[in-house]
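Next up: some structures, all given as structure tokens.
Next come two complexes built around chain A: one with chain B, the other with chain C.
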Partner chain A sequence: MSRAPVILSFLLLAVLGNAFSPENPTDRKILVLLDDLSIKSSHSLYFQSLQTRGFDLDFKLADDPKIALQRYGQYLYDALILFSPTIDSLGGSLNAAAILDFVDSGHDLILAADASASDLIREIATECGVDFDEDQSAMVIDHTSFAVSDTEGDHTLIAGDDFIQSDVILGKEKIEAPVLFKGIGHSVNPANSLVLKVLSASPSAYSANPKSKLSTPPTLTGSAISLVSVVQARNNARVLISGSLSMFSNRFFRSGVQKAGSTINHEKSGNEQFVTEISKWVFHERGHLKAVNVRHHKVGEADEPSIYRINDDLEYSLEIYEWSGTSWEPYVADDVQVQFYMMSPYVLKTMSTDQKGVYYTSFKVPDVYGVFQFKVEYEKLGVTSLSLAKQIPVRPFRHNEYERFITAAFPYYGASFSMMGGFFLFSLVYLYHK
Partner chain B sequence: MEKATDLLSSSQSMFSLKSLKLKTKQQELLLRISILGLVYILAFITRLFSVLRYESMIHEFDPYFNYRTTLYLTQKGFYEFWNWFDSESWYPLGRIIGGTLYPGLMVTAAFIYWILRLLRFAVHIREVCVLTAPFFASNTTLVAYFFGKELWDTGAGLVAAALIAICPGYISRSVAGSYDNEGVAIFALLLTFYLFVKAVKTGSLAWSLASALGYFYMVSAWGGYVFIINLIPLYVLVLLVVGRYSMRLYVAYNCMYILGMLLAMQIRFVGFQHVQSGEHMAAMGVFFLMQVFYFLDWVKHLLNDQKLFQAFLRITLTCAISVGVIALGVGTASGYISPWTGRFYSLLDPTYAKDHIPIIASVSEHQPTAWSSFMFDFHILLILFPAGLYFCFKRLSDATIFIVMYGLTSMYFAGVMVRLILVATPAVCLISAIAVSATIKNLSLLVRTKTKPTQAGSGKGTTSTKASSKGALDQSLPYQKNGAIALLVGAFYLLTRYAIHCTWVTSEAYSSPSIVLAARGAHGNRVIFDDYREAYFWLRQNTPQDAKVMSWWDYGYQITAMGNRTVIVDNNTWNNTHIATVGRAMSSYEDEAYEIMRSLDVDYVLVVFGGVTGYSSDDINKLTVKFFSPFFVISFSVFLWMVRIGGGVFPVIKEPDYLVNGEYRVDKGAAPKMLNCLMYKLSYYRFGELTTEYGQPPGYDRARGVEIGNKDIKLEYLEEAFTTSNWIVRIYKVKPPKNRW
Partner chain C sequence: MAKSSAIKDAEALLRSLRSAYTATPTNLKIIDVYILFSLFTGVIQVVYMAIVGSFPFNSFLSGVLSCIGTAVLAVCLRIQVNKENKEFKDLPPERAYADFILSNLVLHLVIMNFLG
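== the complex of A and B ==
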């Protein structure tokens, strides 16, 4: 009777639950929030590239009162694209805190700001460790590495080519053409260790209002200005923050680019490649690792003990796989290290790999007892940070595990037995020899 | 029917009167045994107040560790216990339990448990643990009887047994539930002393072997054995100096020392200390001195020439002493002989701990004793003690010299540390018993001899008995009989007062389990605060199995025993740095503390807070020794010591930062660091919203009687996880690091 709804709801849960699973980390369902629906067509190339990769895009106006990220405690989407730089308050029950909660529960976010970005957008960015220029009318201006265009402009169309050196984030193929960027710059909060500058401005750039005269020195200058940044949160949610919405637009995708002072005229700007590759990273199609089958045991044994003894020889192994977008492939690296840790690492070893995803090493437990941890802290630029800790106590010798008859003790044995014999003889002599 | 029974009973009584007419000696024996039997039972039942008032439970702090280990011993067997490496305490260092405890108590309780199981009594080990201390207190009365008999006479023995059975100084550590080493150790201590005195008196190898075994039991039970191993050599030395050296002494001491030492080495925690530690060197020195003495005696026996012997004596003594001094010097310099420990120093110099080892000074039972405590714990014994000493000096023997030395040294130590009143108690009881017994005996003799001559009528000069001599004396003092009767009544009155005082103290002050707090409500009814157990059971039920709880070390044993969770520090204060790290975390700002807690993998923080109930011994309180109500002496000065111990290792923590004009304050005038340190924040989080007392502003701290200074406390890195119903225990969860930073 009442079972049917229960089963139904379980089914529903199952459907919702498989949206983002550790087994299949690639995002499937994406909510796109727009300022107005014209963006849908003006940025259609970008959206199409996502859709062809299998993503299910759900376009909504940012002030649509019906938008909701979650229902009954379950998130409805795996990722969020915020292409609504000017929106002051989102529709429905959505606000900055809800979006940050969305990220904190492991979901991804692409946020594009623009000149005159709203406080809401700025707040979300600030919470992710990125501070947009506080001047509302400021844009990034560069008089040396701007993109040459037909109309002599104010040098706010920038040809950026200072990319982060990471194959994981930007793909193996080198981005030849500069990326066109027109928008506001931001700085990265030095207190935040998780945010990365993906596209930086050139040393000659600065952030100011292009329409007015520069009266005071600009607050943001040079390569401290970041044009595009990414954050990989501790729960491996990924966030992309760009100061320019037009970077994703069809116009920039298609236009050619010639950097000022350069003779090379690129047919096509680097935007399409850059944006596609970085969204592959953001949506976990690349650089997503998982570690499984953490095993440790004594040499010559197979079972995992609950406690080790000092000076035991042990073997430790784990398997690391990388998500290729469709399947889990073995992850190959030569820099995965394991620590045997108690307040400080007592053993630090680089693990060997069989190229099939298995990493293994063996070492001797130090001559110190206590509660140790096998720690793998694998933090590499762009890839999922692996942080595994497994607690294991190490005990001292039992009373019967010490060496029994040591040579150094023979004099003592001799002394005690000769003493006993001597005492016996003395007693005999003393008692019966008078 | 009634008639028949009447008849029966009367005939029975007639019969029994006739046939069981006992001789005086037999009567005396019967009387003695029944008195002793009653005292034995009395000693047991007077310690049951706590069970009746509360329930059969383990008290205080250390007993919880003892209980936990005993449980482990009974479940896993002796070898597992011996090799136990405990990963639940002192995270992440762990503790080798088997090698760092005195196993005597646990083995005793487990043994009793196993015997009871063998006899088909299905008892729980907790009941055995709860009743171990009263049981051994009863046994102590027997030893006291025999000791008193050995020192003086059977009367003194009986009085000693009765006095020690109810003496508050002993009861404080041996009520039911106070399952601590001392409960067994005082029995072992007195037994060892008794057997040694017996051995010296008889010169028998058997008695001194028995005393060595008693010593072994004492070593296995309590660290206070150091007192024995220093008092006995001192006693021997005194006997040597006053010329009471004898073959009996030689046999008794040598056998006891050598066997006792070898046996004591079998205890892992003691190990080679008998030959390697400075505290045990006195015994060894006296042992060699004895040999020199014996050798000299022998030479003297061989040599008839007095002059030659004098020269020989001089050479031998100089050689022996210089060899001894050189050996000690070389041993100490090379590090083979470890220097005296801080605890030992603090006994010799009461101010030492305060300046050098805050961890020892931070425990209230290590504070110098207040006068009131003496009065509280000894009552009339304090007055009888000097009288007893007088009697001992009047009848000097090897045995009385021993008890005098035991009494005087232990009284000194009792003055240095509150908890050592316990060690002094048996001596005080024995010496007072001598005073009581001797006085009453003399007085009653006076009373009886006075009546005899008047009845006999003839009186003068007929016999040369004592009675007549007393009678003769009496005539010179006409009011002596009345005076004696008055004095007897007075003594009886005093002893009655003593019994009343002891019962009152036991019931009011020493039977509180301190894990359950009781207070009087507004209408005189008893209010029970069971917050500790509430909190520990919350931990047990609601936190992950491997969660690590940080608290001040006082609560460590209880958290592991009752909450079954890993703790960072506990009452076994073996690692000062680790404790100081916790102290530093508690007295730092929240962000600094967070770093420390992350490095120690802390999941939960537990603080004890008395602001709502007015419970004064909470974490934030300062040292409050209340002279007029000594049962609050056991109040820890925890926060002051957190700062002090933390600052002792990490100079970043400076005590003056927390003080205002040399005073600890928590109200508006408190130091800014005080108002924002972790301890303060955790204690007073959300306290500003609470009205605790009628007519006072919200945030009124009843334990300190002030309105708190920082009512708007925001926690950034921790969140409140649980607060008990009376706010006594508050538990906070350490948040994981921020996701996006």
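== the complex of A and C ==
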């Protein structure tokens, strides 16, 4: 009998411990689908860097009939790496729709295509807002910013250095050496605002078949060609789409690079840094925000009221933290804004920060009553979007809260009372004259 | 010449008006003074509102309307107690005065409610 409370308290402890453990947005378990198991060794540096960062990689052949992303409605993996550019149909029950559902439910995807990418890979990319060159044999060719090699070659090995300007996506450390790229180019759907070009081709690049003579102008030219793109979906799922599988290979990681026309010969290409940093972003080790402790109250009070009155002065604060891969660090920015919103923002204020993650501001409730919302819509390049809304009603003055005895109205009061006095005097005079 | 004759005409008109007005009974003259007083107070408030602004608009309305209401009620009383007015010859002046008192009480009750 005496054991029951002990067990109960242990249970309670377990539940509490669970509840207090900080949530961890970084992916843990990753499914890697390969065309050929030799990729596992030819791209081992990349996979090792992921494993040393604590990821659990599950390598499968893309046509393995036993692969499954989910079982009993639960996803078995947090992320998917598709290094199988030539696969026409995936094994098991997996198809393009299943992979897109995986992304739609907030999971991450790294997709590498290559020359002669299959229709399946193209379809997934198109659904993510990225269109690979329709010509199956086309590759990106650049006669001015190719990587210098011993043989003249066909200039399909490109040294790309037109990176996106974002510390969140590519890390704080600048990528000095150009990134080697050999593969197909894609264009970004202009209607899709969620796709970002991370590595663009130089203005002199074009996409064509390197083995045949160019008879018609190429459809994809210049910096409109994206070599590597990322998507951050509205549910904060992140997708990386690369037109080159060899970009992730050990050979490109180790190889030196010299851009055509440049005298600097880099010992090591920028591939390792570029690919590692961007995978940190894709797997939510960087740029993942959370907002907690949303508070608001009247100035001089501590409790949160259930209703505000028009013209009340109020204070609003919240805390924003960024996941650093191991812990939640204070997020520091000067552009977090709060809206006091009813159909349109009546108040829009940039919040001050104490540099420790707390953002605060104070403002006056507008002279309009109705049901308002405190809204924080924070969307910044690279970081996950924050969207908070908290509803709060605003009431008008009660009839006894209006100002009494207004100085400006004293003449009117005087006039009314003098009319009454005049009425009294008039009555006396009118009745008693004579 | 034409101008001076116009002034002369106006002077003659005013003189005849004044001499006619002296014949008016005293009780009607008292009512007239009372009407002038209330209208004058009303005009002062309108001028004040034009200068200061219409902020406590309800106070302004009740102040001005109390003046106008008083003037209107006094005019009604004057019409009813005027002996020369044949329409009300059957109405005793006491009854007219009682109506005036009652209307004034209602008016000032409303004004007090609307004032602040």
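Quick notes on this structure:
In this section, the second predicted complex is superposed on the first by the 384 of 434 C-alpha atoms of A that agree within 3 Å, B and C clash if a C-alpha of one lies under 4 Å from a C-alpha of the other, contacts with A are read in each partner's own complex, and residues count from 1 in each chain.
Basically, a contact is a pair of C-beta atoms (placed from the backbone, for glycine too) under 8 Å apart; a residue touches a chain by one contact, two chains touch by 3 or more.
Here the structure is a predicted model, which means the values were calculated and not measured.
In the superposition on chain A, contact is made by A:M343 with chain B only, not with chain C.
In the superposed pair of complexes, A:Y369 makes contact with chain B only, with no contact to chain C.
Taking chain B and chain C in turn and counting the residues of chain A each one touches, the greater count comes from B.
Of the two partner chains placed around the shared chain by superposition, neither chain B nor chain C is touched by A:K211.
Judged by the touch definition given at the top, the superposed model places A:N235 against chain B, while chain C stays out of reach.
Legend: residue contacts after superposition of the two complexes on their common chain; A:H399 is shown touching chain B, with no touch to chain C.
For the contact definition in use here, the chain B contact set and the chain C contact set of chain A share no residue.
Listed in rising order, the residues of chain A touching chain B in the complex are 100, 103-104, 127-129, 191-194, 231, 233-235, 237, 239, 307, 342-343, 369-373, 391, 393-396, 398-399. Every residue of chain B that touches chain A in the complex is listed here, in rising order: 79, 82-83, 85, 87, 91-94, 96, 546, 566, 599-600, 736-741. Those residues of chain C lying in contact with chain A across their complex are 26-27, 30-31, 34, 37-38, 41-42, 44-45, 48, 52-53, 55-56, 59-60, 62-64, 66-67, 70, 74, 97, 101, 104, 108, 111-112, 115-116. Residues 404-406, 408-409, 411-413, 415-416, 418-420, 422-423, 426-427, 429-431, 433-434 of chain A are the ones that touch chain C when the two sit in their complex.
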